[in-house]
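Naming follows writing order (A, B and C), and every chain is counted from residue 1.
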């Protein structure tokens, strides 16, 4: 009985150690704003096929990620949806080296497919009876949206303030909300909602910085990832997802 | 007082377990920004969230009593498979992850929900993102506590009280009002208190179904969650308030009322 | 309501979890019938069926009004039957005062003088000073008396008492029994009392109905019933030996084959009663006139004061009542071999 148990344990240990013949896995952990998910998923896949690095991608509202990093969550790379949060990270000593802007994003109004409520501009969002959902001002997208609305001189009464911009998107896709303000990239990659362009005069351009974290244990892998994002390949992926290049 | 002798091994394990409960609470109290606490307490975001939480949780408890006591009566008076089925149904929200509950509520009462779509198209009524939605979410997760407590109370009630009352000529409503419910008072009370406590702390279903908006749907748990990222001091203060309220509830409830469970 | 005679006619059949009750009962007003029987006989089921608390088939009429008729699909719910129900452990409403308990039925009848009437009942029974007490402050006897008053206060047509004295201390029982007697004497409706205690039955009832295994095996006045037992239960109650067999004129053949000599036994299936006093025991086979002489073995010996009851096993199992001195002299002990003798004239026979 004991012997059988020992044999089983030995096999299990070998299986755990084995796999690829004993070569330790190269990994990189990336904390990225939720609006980056479609693009970074593709970049991560590219990383996997072109190198032997296995990426772990964690998406959430930028403010949530920053909060986690401040509390000591282990990660190698941080990609923020605005400069303000990256600056806070810098001041808190979380970064190793300088951050680089790798993409820009503009805002767009998201509506249900077919635009049943006939929304044509930011001004339409103040229409009474319309259910509008925005990102919370603590989220970059929410901050930008508030700015855009101010630029347009429109007062909106949102039904809910979501924790991440993808939350806005999902409420519209679910049919619970009539409209919301999200990123252009969100609408491009969503496929479940339609978009209404916001003229540049009212729009806000968000800058996306990326940086390596000072607590990283995988510096080489982190650099590889960052370089991939900034490379022609990475930029092409970002553009295809609706972002504007660095 | 500790009466019987406790074996050392049991004592150690229990000690570790108690630490698990104690340390987080101690953390809250020790790290609390006592200097700013008063300021946070009077901050409009805090008071709004508190007021809303109290309103929603008390309303949810009232609804739970009006609907839950009849459910408990039905459960206590049915038998066999039907009863097991009904009971599983009414206690499901207790084991369901709250967010799942929120999603389910959306699919039922959202604008495209099976019932919600009718309400929306026929009456123009929209439930998500309203205070009513917050109340519904809280009722959904908290009512089972009341139902279970009252059903247990009913089962342990001597059925001869009701029989005697009927023999004396009381019709079913008189029996209910003058005999059954008064005798159930301890069970109803303990069930309602637990229901209220659960409703007060509800987060997942509320934020999914009712969303987040200060003064309308931003209850204390949601406010804490948000504040954690932008204003940790306020988050801690709010957490402390909720902790004090919960402790007061539990300490206030004596053993014999908890015994009804 | 007072002074008008009421009659209960009931034919009750209840089928429930493997137990079947089939009983017919007629009780006249002013009559107290005690339903007597061993535990599990179905007495409480019968009572509850009459109260309308368990589903039954059959027919029940009270004072001409049909309360239950499964053929005509009539079932008057309990609350409209105007009955009084007393359980063995009072079942007073614990959250109401004594006065409110007694007034409960009156309030259900919407009587405006409910409180005053209840107080009168309490005062008459000498419990007026406990009117504002809660049931838990009462002694067992007091509580049971209040429960009785509560049932009587609504002046019901039918009073059903389910073992009203059995949960009381023996010392209190007598007092409550007297009270019960007193109240029953002035009660004009039909009263049915259920009990497994023969003393209670004999003390309170005008008529006994013996229920065993869901069926009525005997009915009559206490004297009639004990004089001619028709079941082991009643025989034990009466303290006599009961035998059953086929009579052939001057003897009876028991199911085991043994023969018992009797006088004018008649023919056919019969019961035979032999009082323990009429059973004599010998250590050796006696010579004499008695023709009933059997061999047996003493099984158990019970002391009842100066009298001793010896249970004898044998072809004719009997209990003998002898003196202590006799037991000593004969050296009787459990397992001792004895000869049992009964005079034929002491065998009382009646048709089964």
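FYI, contacts are C-beta pairs under 8 Å (C-beta built on N, C-alpha and C of every residue); 3 or more make two chains touch, one makes a residue touch a chain.
Predicted model only: the values in this text are computed from it and were never measured.
Colleague: Hey, how would you classify the chain contact layout here, line, ring, star, complete or other?
Modeller: Here the contact pattern is a line, an open path with two ends.
Colleague: Which one of the chains is closest to the middle, using the mean of its C-alpha atoms?
Modeller: If we average C-alpha coordinates per chain, B lands closest to the whole-structure average.
Colleague: With centres defined as the mean C-alpha position, give me the chain A-chain B separation in Å.
Modeller: Inter-chain centre distance comes to 35 Å.
Colleague: Based only on mean CA positions, could you tell me how far chain B sits from chain C in angstrom?
Modeller: Roughly 54 Å, centre to centre.
Colleague: With centres defined as the mean C-alpha position, give me the chain A-chain C separation in Å.
Modeller: Computed value for the inter-centroid distance: 86 Å.
Colleague: In the complex of these two chains, what residues of chain C are touching chain B?
Modeller: 51, 53, 77-85, 87, 91, 93-95, 104-105, 108-109, 150-151, 154, 160
Colleague: Considering the complex alone, what residue numbers of chain A touch chain B?
Modeller: These residues of chain A touch chain B: 61, 63-64, 66-67, 131, 133, 136, 138, 158-163, 171, 174-177.
Colleague: Any idea which chain B residues touch chain C in the complex?
Modeller: Interface residues on chain B, with respect to chain C: 158, 160-161, 163-172, 174, 178-179, 182-183.
Colleague: Touching chain A in the complex: which residues of chain B?
Modeller: The contact residues of chain B facing chain A are 106, 110-112, 126, 128-129, 210-213, 217, 226, 228-230.
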